[in-house]
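Next up, some structures in structure tokens.
Okay, so chain A shows up in both of these, paired with chain B first and chain C after.
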Partner chain A sequence: MPNILVVEDSPTMRQLISFAMKRIPNARVIEATDGVDALKKLSSEKVDLILADINMPVMDGLKLVSLVKNNQSYKDIPVIIITTEGAREDKERALAIGANAYLAKPIQTQELIKLVTSFISA
Partner chain B sequence: MEKEPGITKKVDEFLEIFRKGEEFTKEILRENEKLRFRIAQLEGAVQKPAEEESVRMYEDRIRKLEEEINAVMERYHKVEEENKDFASKYVEVEEINNALANLYVASYQLHSTLDFDEVLRIIIEIVINLIGAEVFAILLIDEKTNDIVPVSAEGIPLEMVPKARFGEGIIGSVAKEGESYFAADISSGGDVAKGEPIVCIPLKIKEHVIGAIAIFSLLTQKEGFTNVDYELFNLLAGHAATAIFSARLYTQSERKLTTIQSFLELLKEKPKR
Partner chain C sequence: MKSSKKDFIAEAEELVEEAERLLIEIQETRTAGVNPDTINALFRAIHTVKGISGLFGFKDIADFSHAFESLLDDIRLGRAEVSEEVVRFLFSNNDVLKKVMEDIENGRDHDVSGHLQNIEAFRNAAKESGGSHKVEDILGQIDAAILKVLSEYEEHRLKTNIKEGKGIFLARAVFSLADFDKSLSELVSAIKSHGEQISTLPTSTDLPPDSIGFNILFGSGKSHEELKQALDLPVDELIKRKGEAAAVPSPSKMQESSIKSASTYVRVDIEKLDRILNTISELNLLRFATNRIAAEMMETFGHTPLVVDVFKISQSFERRISELKEQVLEIRMIPVGQIFSRLAQVIRRYSRETGKQIELTLYGEDTEIDKFLAEEIVDPLMHIVRNAIDHGIEAGEERKKAGKRETGAIILKAFQRGNHVVIEARDDGAGIDVERVKKKASEKGILIPEAELNNREILDFIFMPGFSTKAAVSEISGRGVGMDVVKEKLSSLGGFVDVETEKGKGTAFILTVPITLAILKALIVRIGAEKFAIPLTSLSESLLIDHKDVQTIEGKEVYNLRGEMLPIVSIASMFGLEGDVSERSYAVVVGYGERRLGLFVDELIGQHEVVIKSLGDYFKGLRGFAGAAEIGRHEVILVIDVESVIEESLSRQRAMRHV
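Coming up: the complex of A and B.
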């Protein structure tokens, strides 16, 4: 059963992503409202994949990616960054600090499910 | 010594009989040979139709098998076509499913609160995250002045969004007519200062327009609108208006309740003095 951690401050977006993730067979969704909340969830739950927004209060998605990828216990967890930014430099910045993939808003649900499934089944 | 004529005659006769016997035997052997040849011929003639019959039988079987193969191939192609049709229908159903999920989340979120500011924030989230707008504003009709006043904006400071007059310009016309506006070319973006959006959605409760959402530009990765976007526009037109209206009424009634409660408290306190 893959555990997917959805890190998103917007309740609308969080619900939308969680809704999509629940359509992946046996997937369990864990929700976090920002980077700090995500780190708390990581310490208490087994997580197989992280879906994180870039722009969040308290701790943004990029900081979260860098902390996750520099932690021995979490560094192998795939991280997919989601943001409204479509600019190439943001994508490159996210990938440079260790994000495994990048998805721009507005999200195409099918594309998101396909991407997440490719990491989970890998 | 002279032979006796009777013996010679008998010898001749015997030789004659012997020759005749020899010829007869030869004749019989020739006949025998002819008969054998004939038998062989007849035997061959008897076998040939049997072979032809089996060839015909095999040819029939081959023809039948070929027909069966053709029928199977035809069925296979038909099933393949059906399969393709099902696959495309599956993709279509998936898209509808996704669209419904988006619409459900949007409407669920819109009606999840009675706080006016939160309703505005949810509308902004829907317009950014589900529609993919970059610069836009929410405007509400001031019933006293008939102006359409911006109450929230994304991508630009609120002060930069000009008021619109009811019935004037794109926003004013949308508010008056209650019909959505879509610019023919959405790629170049609208003009905020002139109040010319690329998309303008009326916020309606039944036929009563209470405001509008004006979109001036889309996110770079958003190239155009899909069917679900138009569904979302329709949903926003109705549900966002209801949510705003309810939140406003609730805020007003809360304010009135607080005033009344304070007044009652004052009345209760008066006799003590």
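Coming up: the complex of A and C.
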């Protein structure tokens, strides 16, 4: 049963993504409202994939990626970054520090599900 | 004439002549980088003129040479650049000095007040234009590891804080995992009361397992001491507040001491630095040996204090070596501005020759690049700007008709991206006519007419040998090098060139090169009986692939990597080697986007820092290798030139598709 950590500050977006994730068989969704909250969830739960927004208050997605990818116990967790369309620089930065994939908003549910599935079934 | 006056004239004339000689030397070496000693000698000559004229009671000359000296002081201390204009102005002032001396000799009246004002105005202008430290320059003081995780907005805030003269600090806190969110928000609100919190950077390295560290980057107008006390935490000062900045010695003090101390710069042949780097790589081999010995000792004797000591020494050995390496690499760095100013000269000259007015704008001149690389890319860049002036930017009339400003624009921009330096040369000319390129390519027989290519693929033809869309070879750009040479050069440096163009709007050539070639981390792989090194900078991941999962689509081998097709190339077959026979192979994924490629290798051996050595003239024509490197005692392996392998594979794919 894959545990997917959805990190997104906007409640609507978070719900939307979580809803899409629930269409993946057996998937369990853990929600976090920002990077710090995500770290908290990471330390208490087993997480198989992280889906994180870039722009978030307190601690953003870039910092989350950098921590996860530099941490022995988390570094193998795939991280998919969600960016605003056109924020090319941020997207490149995320990939450069180790994000496994990115998806630009507006998100196509089908595309999101396909991408997430490709990581958890691999 | 009184004899004292005669004595003065004799010595002063000598000094002014000396100044002229030095000025000529400065003019001649300006583009290649003036020796700071020369500027300092010029400064001293004028300083002496000032001294003796005061002594002999020639107040006018003393005043004038004082102003002249201050101007030279600005240049000497890097507050003003040695531009063509500045050199011309220095010449004219030296002429003023000569003229005044003649007047004194002949008993004529002279007035220097106008010249004094000129110098004053010039100094102010020069300081505004190039003298002041730029934000990008200051940013370099911050650890690159921090900069690379900042978002664009955070970077902007950081720059704004610097511009406002705030100090930049890093507060380091460690919290327990159980309640870190609460502690963190308390810390953040404390920091906010002292300044602006720019970014929160988490870290878990070197910490106990049940804790988490946060480095908070913030800007504040308060002093380092004050903040340390207020926050009761370790606080690093990354950038000093304005006003506190590394104290520029006061001019009067400098004048006294500078007479003796020439300059603190030394010019070093880059070959000498290369030799140091070689020694460092040999030290690295010794470090590996120490490590191995420590490991063996531990197996035999267990964790005895002696064994632990050896381990510790081996570790600090490693740290010192990497510090040393970084310091040497730093010496090799020069600001891109140095090559930009040479290009600026070329642009001015061609703009005169063609009669096209060009406005040049430079960005990111402070971006640092390895001296060797800078020299290597200056010719390709030169070719690109010549092309831009010749083919890109239209004649004034034509531009007016198109509703553009009559003066064409060229923008040269440099910035760092990860381990690479990106240099963009952009013009606002006519853009490249894709249809014309296509037509030309079919005429040359290198494009099959029915082949369906997108614009990007068509534009790739301009990088083919012997391809030029202008029918007549022009005076300016028709001089030997073509875009194919540009591309090849970049590839040989481990970089690549990209082109963006829009009809009627302009063209940009984007050159990406590694920051330094000297030492790089490489993945050592085995293919059959041979070992090869693949630079880590070009590598994104490695996979273990079952051969049965590799499909053949349109004649090329691909693997479905998380839903995307990854073209696969076997290094063994590309280089004609005999690889292992097995059901699974490692694939090393290199390149990005459309240039992504999986290279099949037999075994991943490990990471290694290597110093790439040239293969020499004998192997010059050999494609696919960037050089050779030593990885162990007398073990020399070839370093794969990833860019040329990608090229080779892309062109094979194209060939397949067009069959």
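In this text, the second predicted complex is superposed on the first by the 120 of 122 C-alpha atoms of A that agree within 3 Å, B and C clash if a C-alpha of one lies under 4 Å from a C-alpha of the other, contacts with A are read in each partner's own complex, and residues count from 1 in each chain.
We adopt the following convention: a residue touches a chain if its C-beta (ideal position, glycine included) is under 8 Å from a C-beta of that chain, and two chains touch if they have at least 3 such contacts.
Since this is a predicted model, take the numbers as computed values, not measurements.
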Clash or fit (per the criteria above) of chain B with chain C on chain A: fit
Chain B versus chain C as contact partner of A:63, first or second or both or neither: second
Contacts of A:119 with chain B and chain C, given as first, second, both or neither: second
Most chain A residues touched (candidates chain B, chain C): C
Inter-centroid angle chain B-chain A-chain C after superposition on A [Cα, multiple of 10°]: 110
Which of chain B and chain C A:54 touches, first, second, both or neither: second
Partner chain(s) touched by A:39 [first = chain B, second = chain C, both, neither]: second
Shortest CA-CA distance between chain B and chain C [superposed frame, angstrom]: 14
Chain A residues contacted in one complex by chain B, in the other by chain C: 87
In the complex with chain A, residue positions of chain C that touch it: 148-154, 177, 180-181, 184-185, 188, 199-205, 212, 417-418, 562-563
Residues of chain A touching chain C in the complex: 35-37, 39-40, 43, 54-55, 58-60, 62-67, 70-71, 87, 89-90, 92-93, 96-97, 100-101, 114-115, 118-119, 122
Parts of chain A lying in touch with chain B, wherever the complex brings them together: 10-13, 15-16, 19-20, 84, 86-87, 104-110
Residue numbers on chain B that touch chain A, as the complex places them: 94-95, 98, 101-102, 104-106, 108-109, 112, 122, 125-126, 128-132, 134, 219-222
